[in-house]
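Pasting a structure here, questions to come.
Chains: A, B, C and D, in written order; residue numbering restarts at 1 for each.
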Amino acid sequence: MAIVLGPNRYGKAEVRLVRVTRDGDTHGLADLTVGVALSGDLTATHLTGDNAGVLPTDTMKNTVYAFAREHGTGEPEAFALSLGRHFVASQPQVVRARVTVESIGWERLGPHSFRRKGDFTRLCQVTVEESFTQVVSGLKDLVVLNSTASEFRGFRKDRYTTLPETTDRILATEVDARWRHLSGEADWAESFEKAKDAMVNAFVNTYSLSLQQTLYAMGSRVLESRPEIAEIRLALPNKHHYLADLSPFDLENPGEVFIAGDRPYGLIEGTVTRDNAPAARAEWYL
Amino acid sequence: MAIVLGPNRYGKAEVRLVRVTRDGDTHGLADLTVGVALSGDLTATHLTGDNAGVLPTDTMKNTVYAFAREHGTGEPEAFALSLGRHFVASQPQVVRARVTVESIGWERLGPHSFRRKGDFTRLCQVTVEESFTQVVSGLKDLVVLNSTASEFRGFRKDRYTTLPETTDRILATEVDARWRHLSGEADWAESFEKAKDAMVNAFVNTYSLSLQQTLYAMGSRVLESRPEIAEIRLALPNKHHYLADLSPFDLENPGEVFIAGDRPYGLIEGTVTRDNAPAARAEWYL
Amino acid sequence: MAIVLGPNRYGKAEVRLVRVTRDGDTHGLADLTVGVALSGDLTATHLTGDNAGVLPTDTMKNTVYAFAREHGTGEPEAFALSLGRHFVASQPQVVRARVTVESIGWERLGPHSFRRKGDFTRLCQVTVEESFTQVVSGLKDLVVLNSTASEFRGFRKDRYTTLPETTDRILATEVDARWRHLSGEADWAESFEKAKDAMVNAFVNTYSLSLQQTLYAMGSRVLESRPEIAEIRLALPNKHHYLADLSPFDLENPGEVFIAGDRPYGLIEGTVTRDNAPAARAEWYL
Amino acid sequence: MAIVLGPNRYGKAEVRLVRVTRDGDTHGLADLTVGVALSGDLTATHLTGDNAGVLPTDTMKNTVYAFAREHGTGEPEAFALSLGRHFVASQPQVVRARVTVESIGWERLGPHSFRRKGDFTRLCQVTVEESFTQVVSGLKDLVVLNSTASEFRGFRKDRYTTLPETTDRILATEVDARWRHLSGEADWAESFEKAKDAMVNAFVNTYSLSLQQTLYAMGSRVLESRPEIAEIRLALPNKHHYLADLSPFDLENPGEVFIAGDRPYGLIEGTVTRDNAPAARAEWYL
């Protein structure tokens, strides 16, 4: 028996980049948070502190800013791919690069004026090896709510079950979704917008008997409409809204006044996939 | 010399209320976080633990939910006033009630479907006594950015000054604004929307020589357009965006690639007021 | 009626400073977050953008780091006073400087090794004018809990009261305390430690009939034991712990299993003061 | 090609439990945040909303509180195992239960008085199947710092490298560590304390040429001293402390005044393992 180094990687996290593009008097704005993680033969630095194969994480940060100037940022997936390919191509010791990008939306107020939208965060994570590319897109922080058209009944009961069945409840969740593309090329902007819209439409239009049912509807709607996507993972917290008990005050409460709970919350996680999708070769959940 | 009880108050904070209104199949949604603080003669509970004059904070919470059912919520200011007046009118030991409401916006997606907007949080704080009412409205979390039309030069320098002058920088801030109304009655919805728009327009349209100048423009624009508002306080963090130094890579950077900084940040705070505004009789900054 | 500039100030917030002192092989560590806010005649920059009287906030940041080198940091109050006096003395346009310091504790692990403690954050805020000095010390983030010896009964009831009386509950709070010193000189380290201990001891040893009673005990204990302190303000959230109802499972729960609630929470705020304390001449609550 | 349901699970997250034990007048306190996630054949609820195989997440919450009363909590690993085994044994549709526990430490102040420590959060995650058990222990939020005895030099350089080499820097990190046990039985309390101490001692006593070297030292020290542990994963952010440049003020700065940076940060992740460790059969990183 010996103690050995197992899987490892290193990089720079949360590089905050704001990129202004100047098209005459009209400016554009990209607001990105970039992370880079590199893998390869890093045994020496772990065992002896020999850093000959270690490109500094500071250099990764510099590269993010320099690439934003040299190549622009474009869509998050394209920017991530260009960074990932750079590290793999230029650094012989690097076997794999993983680049993540979070992108915040800004609404235009004027030629050079913007307001942060705050409705969701767009995500992507690309994994690049010399002869392998994997692109995952997604989003988080998107909060949606149906004030009716949601039931929860017919469930299993045991000694510890006290929850009453309901045929009318609020269904609310904060969507965390990641979808894996079949290839390393796509119209990233259109793909993202359409996938997001498919998810949201499925949430809105599904009469829900369980949040799992809604999850599956959201995932399958994305796959049905987007042939470039192999599979999708969803993590949906069930943001509970408890009907306030107003009976002590001789008041009825027919689905109108709710206590919004913080903790605990249900957490429903699931994958919807194509049965012939190639297996993921690298972790693809951020 | 004796040790005595000084100013004090107590109440319930962060009561999370979601109010659904059902107009046939079309639902409305209000998402409020309410705080109540009561003042009066509370000496006994402090000195001896005699709670005869202490209405439980749990009761305040119940009252919030019951009032949401009995009276609806309406505009945040109106809801806060109805709660404040209730406590002062019904509890002889209560001399003053302060009620705060934070309101989150949701965008309609369907008859009973909504998406959280996240662009800002609307605020109000009312103070009610038997013969005094003060209403403060406001907002926070509103992030705006001008990618040019901002200078900072001609400033004072001392031994510790290294900042270069600039005639072109990003100006970005997260607006925290509170405005005090002249009376306890107004068209709260219109007043809020117009005050917000006046602030944002002033930010967008001011060629800025300092964030103070922008602050004053924002505040005075609100007072000019809204006669019902006595004064306005603004706290504007200067969210610094540092031009990335790309010269080591033989790259110019003409105002395009920025490092978004977290800490430290400038903090510009100021009040714009009418010279004949009656003095605030109660603290009015949340 | 005219629109005019009201009270204002500006400065740098959240300057993160780690100061290592090297006494041979044994190092010391101070971990401070500093804020500076200056007031004076700043009308020009607000009205016309003339910055001739505006020392950049970047300079304030530089001054914090330079002073840490030139003078060391010492106790937070002393460091804040030296910074505040510097700005008032060296900048004729500055009438008042307010300096805040948050200090995090680290436990020694070795001659140059440390572990962050995380049990509370020490605070101070000094206000300096040419012939006026005010020092406020305090702390936040200190969470204390009594698992018994707390009652809440005999309280006022109205239509909306449902809370049962209790003679045994958990009392828990996250202490936010600020105390104002009578003068600008004290043994800051000893004063802080003893004031903190007095507060904690009062919390531990008070059989509590209300959180207000505990608050008053905490505050008065500080004033009784520390003659250099004029008054103290406490903001004590009542961190509710709800006894879990296990009766559906035929289980008793004699004060053993609790649900720790996040929101809402009670909030008890009060001041304990000396009846002959000179009035505060500047806001003293952070 | 068909669209199908892939891997999924569901449960209750962040169940906040405070458990008081009463041994006469002396009380004990456990502060746990518990999460439960169940897997099995959940196809029906996803595809048709048939919940016959769905035990409500509300029931999982109830079970946590009831078990805390019936069995006590004990060590986090033991409590998690009892919960996981219960769900697998009592629910035929449940194939796998994953239970996570976060535990916060409190320092005793008196027979029934406590102060929250805040120095780290203890973690565990157990995975239970009918004939498989996996236990992962760990911690997060532990911040340690060496003010010297850290170098970073001899690293690889490319076009984008500007970082100077250094033979004396601050090394600071916030430890996130998870270690997988060889079996489902151990003296959990002793194992945790000794593993934590081994990690901290390795951090303190390693003259560091890279954070990777420190990581490997921390991990291997744990495995060397704890035969019950199969492998350990560490995620170590490099919390950068930048030496303040005081040369514009004619001040030297020999490793004394540092700017503590928030973002970006390096992130070093690695596993140290036994070469004969059985493979993990379930994900084991929280």
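Some notes on this structure:
Note that in this section a contact is a pair of C-beta atoms (placed from the backbone, for glycine too) under 8 Å apart; a residue touches a chain by one contact, two chains touch by 3 or more.
If you're wondering where the values come from, they're calculated on a predicted model, not measured in any experiment.
Looking at C-D alongside B-C, one finds more C-beta pairs in contact between the chains of B-C. At the interface between chain A and chain D, two copies of one sequence, more than half of the residue numbers in use appear on both sides, so the contact is built from largely the same positions. Farthest chain from chain A, judged by C-alpha centroids: C.
Note on chain placement: the centre of chain A and the centre of chain C lie 38 Å apart, centres being C-alpha means. For this pair, chain B with chain C, the centres built from the Cα atoms lie 22 Å apart. The geometric centre of chain C is 31 Å away from that of chain D, both derived from CA atoms. Residues of chain D in contact with at least two other chains: 16, 62, 66, 160, 162, 248-249, 262-263. Under the stated contact rule, the graph of chain-to-chain touches is complete, every pair of chains being in contact. On the side of chain D, the complex with chain A involves touching residues 1-16, 35, 37, 42, 45-59, 61-63, 66, 90-91, 93, 151-158, 160-163, 208-213, 215-216, 220, 223-224, 231, 233, 237-238, 263-276. Residue ranges of chain B in contact with chain D, taken from their complex: 159-160, 162, 248-249, 262-263. Chain C contributes residues 16-22, 27, 29, 31, 62, 65-66, 68-70, 106-107, 109-110, 112-120, 141-149, 170, 200, 203-205, 241, 244, 246, 248-249, 251-262 to its touches with chain D in the complex.
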